[in-house]
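Chain lettering (A, B, C, D, E and F) follows the sequence in which the chains are written, and residue indices restart at 1 in each chain.
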Amino acid sequence: MRLPRILAPRVTASAHCDLPCGVYDPAQARIEAESVKMICEKYQSNTDPEFRTRAVVIKEQRAELVKHHLWVLWTDYFKPPHFEKYPELHGLFNEATKLAGASGAKGSLDADVAQKLLDKIAEIDKIFWETKQA
Amino acid sequence: MRLPRILAPRVTASAHCDLPCGVYDPAQARIEAESVKMICEKYQSNTDPEFRTRAVVIKEQRAELVKHHLWVLWTDYFKPPHFEKYPELHGLFNEATKLAGASGAKGSLDADVAQKLLDKIAEIDKIFWETKQA
Amino acid sequence: MRLPRILAPRVTASAHCDLPCGVYDPAQARIEAESVKMICEKYQSNTDPEFRTRAVVIKEQRAELVKHHLWVLWTDYFKPPHFEKYPELHGLFNEATKLAGASGAKGSLDADVAQKLLDKIAEIDKIFWETKQA
Amino acid sequence: MRLPRILAPRVTASAHCDLPCGVYDPAQARIEAESVKMICEKYQSNTDPEFRTRAVVIKEQRAELVKHHLWVLWTDYFKPPHFEKYPELHGLFNEATKLAGASGAKGSLDADVAQKLLDKIAEIDKIFWETKQA
Amino acid sequence: MRLPRILAPRVTASAHCDLPCGVYDPAQARIEAESVKMICEKYQSNTDPEFRTRAVVIKEQRAELVKHHLWVLWTDYFKPPHFEKYPELHGLFNEATKLAGASGAKGSLDADVAQKLLDKIAEIDKIFWETKQA
Amino acid sequence: MRLPRILAPRVTASAHCDLPCGVYDPAQARIEAESVKMICEKYQSNTDPEFRTRAVVIKEQRAELVKHHLWVLWTDYFKPPHFEKYPELHGLFNEATKLAGASGAKGSLDADVAQKLLDKIAEIDKIFWETKQA
């Protein structure tokens, strides 16, 4: 179920291009990771070889976008004081981007692997919004 | 102000790559448009010529992403029954993508133009979520 | 057969980048769609699995270019008076881009589907040149 | 003036992606070069600094596309027998791509330079269609 | 001065795409960073406004490539045992990519800033080759 | 075996973007070609169909980068006096880029084909460094 739009939180602008514009949002990484997970599920339930080839091709692209959006957050949004306050942050990002790569969602068609990626992004998302409110 | 994460609506997966994966979200277009607006504001308050050149370059890219995300929604998410129910939808998307282009946010550094783009995306967003709940 | 170059119509410049430069030509979409069709034909006559994987990968890219070129025409070239004069134009573009996508040429390796895409582009091309001569 | 569509030569499909699909057409390079020329003209007649920055940014992209389309023709379409029959072909392509680069259309906002690029593409186009008819 | 090719070290293949292929080399980041530095120097010695706009545009692209190549090394090449042995590695990469971004080489046209980026890449390069020899 | 870093030749900056910045290095093409070769080897020793699809997809991208880096050298670095002194240069580049394309490394998963591409790049590399020392 979805809350009525009127109750939904308005995204507070923050910074995601390298001007920097100041608009960052982990939702960008999460949406691509949701896509990766759905592709795995569709792959598992469809044995047509052409469909499966397309699924692998497209999953590769979406997973690359996950990596990119996470790298941008790690380098451009998070600053030294954040890394001091959250010493696990470097490791979290390194694990999350590895989970999007060959040893994770790129190299697997198991929706559980994609879910682990989503869980890791959720951990980053939690810290992100804490730092925004600080 | 932002609601605690626990209360925030979970994005219901829907479809944004062309497998299709079934994950669509107008937030992708909106985040880029927020970036466009912030770039305009930063441009207006900074007269350094190198900064201004970078602002124009980067705004061009973010506005192009707005167009792309909107085009994907229009072609890939919305189906004939949606266009029947919302006859204004074609026009809305055409105006929104024009507002992201040369006659709108690409061709202007006025934050008000970027706000008009955001308003148009909000209209699309409203219809999008109505169709998701249907 | 091809007419001697001397008799061939010179492309009248019109506008395809978002300056806008004023150079538009549906030939860009059509050339990519011709490519899509040829890829389907080559796929059907070659059972080598590596070749077939490459065919699917490359068709995905060319079909994406078809969509992009069509979207640019729809948003950047066509103006409100055109949509008034040709009320079917929105639908034509929506159908054409869908025919290039997952429910059409991306999702199929049938050359007949690619031909339908080419036919739809030809309808757009006809209107385009009528508006150029007006 | 443009000939009625019915009289216009149908593009004979030939090969432009690297499957290869067999669809090549120098029109792809020419359309981008027309765009480059129009951008130069618009730049010269508009002194607004933001417009001029956008013109330089966009010209850079279109000129890069000219180079790419020409490189594809040179490597993928033309074969050893063509280079034997047209010994000037290597030089023509090298000059044409240089004319699209820093020492030509990228590094200049003079429409005459862009016209020289168009003339060079026309020379290549002439040879291309001779080889297609052979 | 350059050593004769015969004495130059042969690159030992290692891994840089996400298959992974096993070919990594910090030279990719360094070459782009050298480009960034040269662009700064050329910018400082040329006051032509069109040239300067092009310099800013192109520097943005090369600096983005620096970030990308570094991110790939950090996520794809380096493994947990490396981070244990070199606890400064996370920080080094975070600083290096920041030095390539808005607070560094993207946001500046000072060749000294680009040199700092090159120095940071050299530190990473040193560790990289130590781990390759291990 | 690798020489200690201290003995390794420092890359003499030269020019690889189209400002031009003056930084060119055939290592960029060679690193991507090494990747292509490794992908072929990994493909041959792994019969998992998903892995193989990914290998074909990624090889296509790396081979395209080989072509691009070689085209840049041919058009942007080498000048008329070079082509006079090395009349075989046009042919070498045409063959090398063909070897990276459909009739070579793109169209094959044989590591020997990729090695031929590497050998051809080595021939270009030799001439490149001779011209740098001249």
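What we mean here is this: a residue touches a chain if its C-beta (ideal position, glycine included) is under 8 Å from a C-beta of that chain, and two chains touch if they have at least 3 such contacts.
Computed from a prediction, not measured in an experiment: that's the story for all the values here.
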Legend entry - Touching both chain A and chain B (chains): C, E
Inset, instruction - Taking CA centroids for every chain, report which one is farthest away from chain C. - result: E
Legend entry - Averaged-CA centre spacing for the pair chain C and chain B, given as whole angstrom: 25
Legend entry - Centre distance in Å when chain B and chain D are each reduced to the mean of their C-alpha atoms: 33
Legend entry - Multi-chain contact sites of chain A, meaning residues that touch two or more partners: 18-19, 53-54, 57-58, 60, 106
Legend entry - Touch-based graph of the chains, sorted into line, ring, star, complete or other: other
Inset, instruction - Pull out all the chain pairs that touch, please. - result: A-B, A-C, A-E, A-F, B-C, B-D, B-E, C-D, C-F, D-E, D-F, E-F
Inset, instruction - Going by the contact rule at the top, pick out the chain A residues touching chain F in the complex. - result: 52-53, 56-57, 60, 106-107, 109
Legend entry - Partner chain E, residues of chain A touching it in the complex: 18-20, 60, 64, 67, 71, 74-76, 83, 90-91, 94, 97-98, 101-102, 106
Legend entry - For the chain E and chain D complex, residues of the former touching the latter: 50-51, 53-54, 57-58
Inset, instruction - Provide the residue numbers of chain C that touch chain D in the complex, in ascending order. - result: 2-3, 5, 7-13, 15-19, 21-23, 25, 27-28, 30-31, 34-39, 42, 54-55, 58, 61-62, 125-126, 129, 132-133
